[in-house]
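Once you've had a glance at the structure underneath, I'll fire off some questions.
The chains carry the letters A, B and C, assigned in the order they are written, with residues numbered from 1 in each.
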Amino acid sequence: MPTDDVLRELHRQMVRARVFEETIQKAYFEGKTPAFDIAAGPIPGEMHLAAGQEPVAAGVCAHLRPSDAVTATHRPHHVALAHGMDMRRLAAEIFGKETGLGRGKGGHMHLFDPETNFGCSGIIAEGMPTAVGAALAFTKQGRDDVAVSFFGEGAANQGAFHESLNLAALWHLPVVFVCEDNTWAISVPKDKATAIPNNADRSAAYGIPGALVTDNDVVGVYEAAGEAIGRARQGGGPSLIEVETDRLLGHFEGDPQVYRSAEVIEGLQARDAIRRFEKRLADNEVLTGEAAAEVRTAAQAEVDEAIEFARSSPYPDAADALDHVFA
Amino acid sequence: MAQITETKRLLTTAKAISEAIAQEMEHDPNVFVMGEDIGAYGGIFGATEGLLDRFGPERIMDTPISETAFIGAAVGAALQGMRPIAELMFVDFFGVCMDQIYNHMAKIHYESGGNLAVPVVLTTAIGGGYGDGAQHSQTLYGTFAHLPGMKVVVPSTPYDAKGLMTSAIRDDNPVLYMFHKGIMGLGWMTPNPRATDHVPEEPYTIPIGKADIKRPGTDVTIVTLSLMVHRALDAADALARDGIEAEVLDLRGLVPLDREAIVESVRRTGRLLVVDEDYRSFGMSGEVITTAIEGAFDYLDAPPARLAYPDVPIPYSRPLEQFCLPNPDTIATAARQIVGR
Amino acid sequence: MATDVLFPHMSDEVDEGVLVTWFVESGAAVDEGALVASVQVEKVEEEVYAPVGGQVLELVVGQGDVVQQGAVIARIGAADEQAAAGRPAVVSGAGAAPPQPAPAATVALASPAARRVARELGVDLAAVQGTGPGGRIVEDDVRRASEGPSAGEPLPGTRRLLADRVRSWLAATAQFTLTSEVDVTELAQRQPQWTAAIVRACVLALPRHPRLASRWHGDRLVPPVTFDIGVAVSLEDGLVVPVIHRADEKDLPTLASDVAALAERASAGTLTIDDVSGAVFTVTNLGGHPIDAFTPLVYQPQTAILGVGRARARPAVVDDRIEPRTTLVLSLTVDHQVTDGAPAAAFLADMADLLAHPERLD
């Protein structure tokens, strides 16, 4: 069982991510009402928010240091923040500003941060091979860093998933594969897409440990990840963790969610992992409701400052579009 | 072709490439090689011959047949400061791993706003002419050159192959290094006398993106690269017997494209023929001709022409395949038509 | 329906003219009234404007071609119209190629390099024979053409310059010509140098008719101070007017030797600027040709020019009898802006009197 300090930090990270994305969501819809125009407003393009999936990011990243490599998906904010990415530069990138992580060239699905060794890919499962490569580099360089690759349950049916697990297992690389099973591959549920109930079982095919964390439990994630990351760091090779998590929102903002009923959505909201965790912390007298509210207030202040930084930052010069094709 | 030293030593293109890799591995511990059959086998086309014995399996890594994983791993390792060389056995196989190549290897530097470099050399074999059919004979350099973010190097001679490989390994950008099976000097491929040449022993570089005049001429510029350089040189010899002096410009790669060299040569000769083993439409030949029209329009004395692979999958049967490939006769005929004599 | 663009009817004296310059290409879009070509009949150039707006479907004649007045030179219509075959308009000329099958192909096929070199060397592509693939004009063709005048070259540079000048003179003046037949029987018996004799008569007559020897300086008319007389000399290609300075101070033999010397230097191309400057009056003598009378063109900034026809025996009425006399016709063109018919006639009368009595010329 994690210490109370760890529990409070897990809570704080989840709240930071949630508040950040709630605020991004509001900004995203500026200029997009009453008629939704994906190109309009201060934040154009698709926006994939991770509300409900915060336990996975918080539980895993609690064990990481900035030199550990992390690859995430098209839904990357909660992981990026949990791994320590500068919220201001993250926000600025989402707003397409010069001060963003990629000077506005990447956008919210393509975040790269050398400070926290973070990268992500908008292509399903394709962030996994680069994590394998990072782990390969760590062994060659004699570093005890590990690589962690986040991906969704939909990605587990991609070739890149299987190729990555095989190669990591074959070469005994320090990489932890973390499957965020939120049930929905956009509109297709897991049981209509995956031949077996649990992807964690697929670890057996590559002779590596697999763990299943149910009920979107941040403590369960923390414990499973601690074991896997510790093993990898000590030369014990790769692991696969699957976390049953929830996607409270649509695949992207503006998703009409015709593929799932209002009851299903309401059911997900009702078991929001953060509220449930707060109740548990209160029940166990780790964090009072008042203290939890203070955490939220502090997170909102941090987020507001980051969003203000993003809004007030300049856009890049348009002609900068032609730079950085080659080093 | 300026050689940096006099040398009497002869090397095949394959040996020139593996020598360049070995020399870079000697002084840079970050360089390592991954690929299918690149270890004990030495690379199906010999580009890594002898490297396993010299550097061991930690740095000369045979991979599973799993291109997405190991090319992606090369990208991931490069992001952590390594300088991987990964081999895609045939360029035709890019379909199983293209996402790692064009969405990751080629884009991360840009997406990161220049904060990350991806110094991967992706080597791959190209070209046909030996009856290997539609999935093992393509050149496809135009496909990769079309996608921004990776340099595309396509040498034609042992000397260029070594210097360009050294440059590719030292480059901080992703470099697609495409060697034609027909220039490697392999005993089991149709012999090409120019696939063996004098190659200096010491390391040297050839700048990526600099074309080379393989034969100077005044009447027509033949722009080409890779194996077709040799076909064009043969054609130029035949043309010279008729008093037509063809200039053969070897692009030595497509990205960056040496547009200056194209324009400069066409301005001198007034006539342009592009010879391209890649598919005709939407590719290298069109880009070269556009470059000439943009930069040398007022010097063109005839419409630019191209001799390229027709827009068909590569057929297996010898007469079918040979019909599609440019050869010295068809090149000379096309050049004569442009020159008008 | 395509609209024909016609070569304008400019002269009743001759049938044909030259298409000097096309200002449009086949396929170009033109507005109604847009300049499409310049044409020339004799020395007179006119501009041709589009009678309707539309697309130039076809240029029927080439630059430099000799064309019948009134003939179709181009067709303008809607973009999708085909050019209809018309009656042949071209009489002769280097550019008189047979009509091209497609309108787009009616422009001369020339490589970009050929076009560039043609611009640089001032070569008219219409006059160049193409030897490239498909008859395309290539760079070498242009360079060859620039080395020697080719058969169909319409207007060499010097000629073009002269054309510009005479056109501007004509435009700046209001010219009319008077002719008068004068009896030169006695003069002819002396076998004179005709031009010198006429110049001598002129300098004797002109002081009584100073307006005819006045020159324009800007908007002022300046009377003569010295009588410097221009003498038109025809060259192989063109015309030059050297000047006998202070002709009024020279006797007939001196004038004769001056005329001979100037003609020689004109042919040799060794005239100086001074030799061709300052004339107040010009004599142009076509007496060596089978020409009786003509309408010479006043050279700006002068006021008058005297044309001299051939001297020949003609039947004349003398004391009610017809007898052969040697006569010639003087053709005096004057600028109506400066003088009128009567003063000009008076000058011709004085000239007639002088030439009829050659001893006065001594």
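In this text, a contact is a pair of C-beta atoms (placed from the backbone, for glycine too) under 8 Å apart; a residue touches a chain by one contact, two chains touch by 3 or more.
No experiment lies behind these values; they were computed from the predicted model shown.
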Quick one: do these chains touch in a line, a ring, a star, all-to-all (complete), or other? line
In terms of C-beta pairs in contact, which two chains are most connected? A-B
Farthest chain from subunit B by C-alpha centroid distance is chain C
Using the average of all C-alpha atoms in each chain as its centre, how far is it in Å between subunit B and subunit C? 67
Just curious, how far off is subunit B from subunit A if you go by their C-alpha centres, in Å? 41
Counting only Cα atoms for the centres, state how far subunit A is from subunit C in Å. 90
Residues of subunit C touching subunit B in the complex: 111-116, 131-133, 136, 138-139
Given the complex, residues on subunit A that touch subunit B span 69, 71, 100-106, 110, 112-114, 117, 119, 121, 123, 126, 128-138, 140-141, 147, 159-160, 163-164, 166-167, 170, 323-327
For subunit B, which residues are in contact with subunit A within the complex? 32, 58, 63-64, 66, 68-82, 84, 96, 99-100, 103-104, 107-117, 148-149, 151, 172-173
Residues on subunit B engaged by subunit C in the complex (per definition of touch): 270, 297-302, 337-338, 340
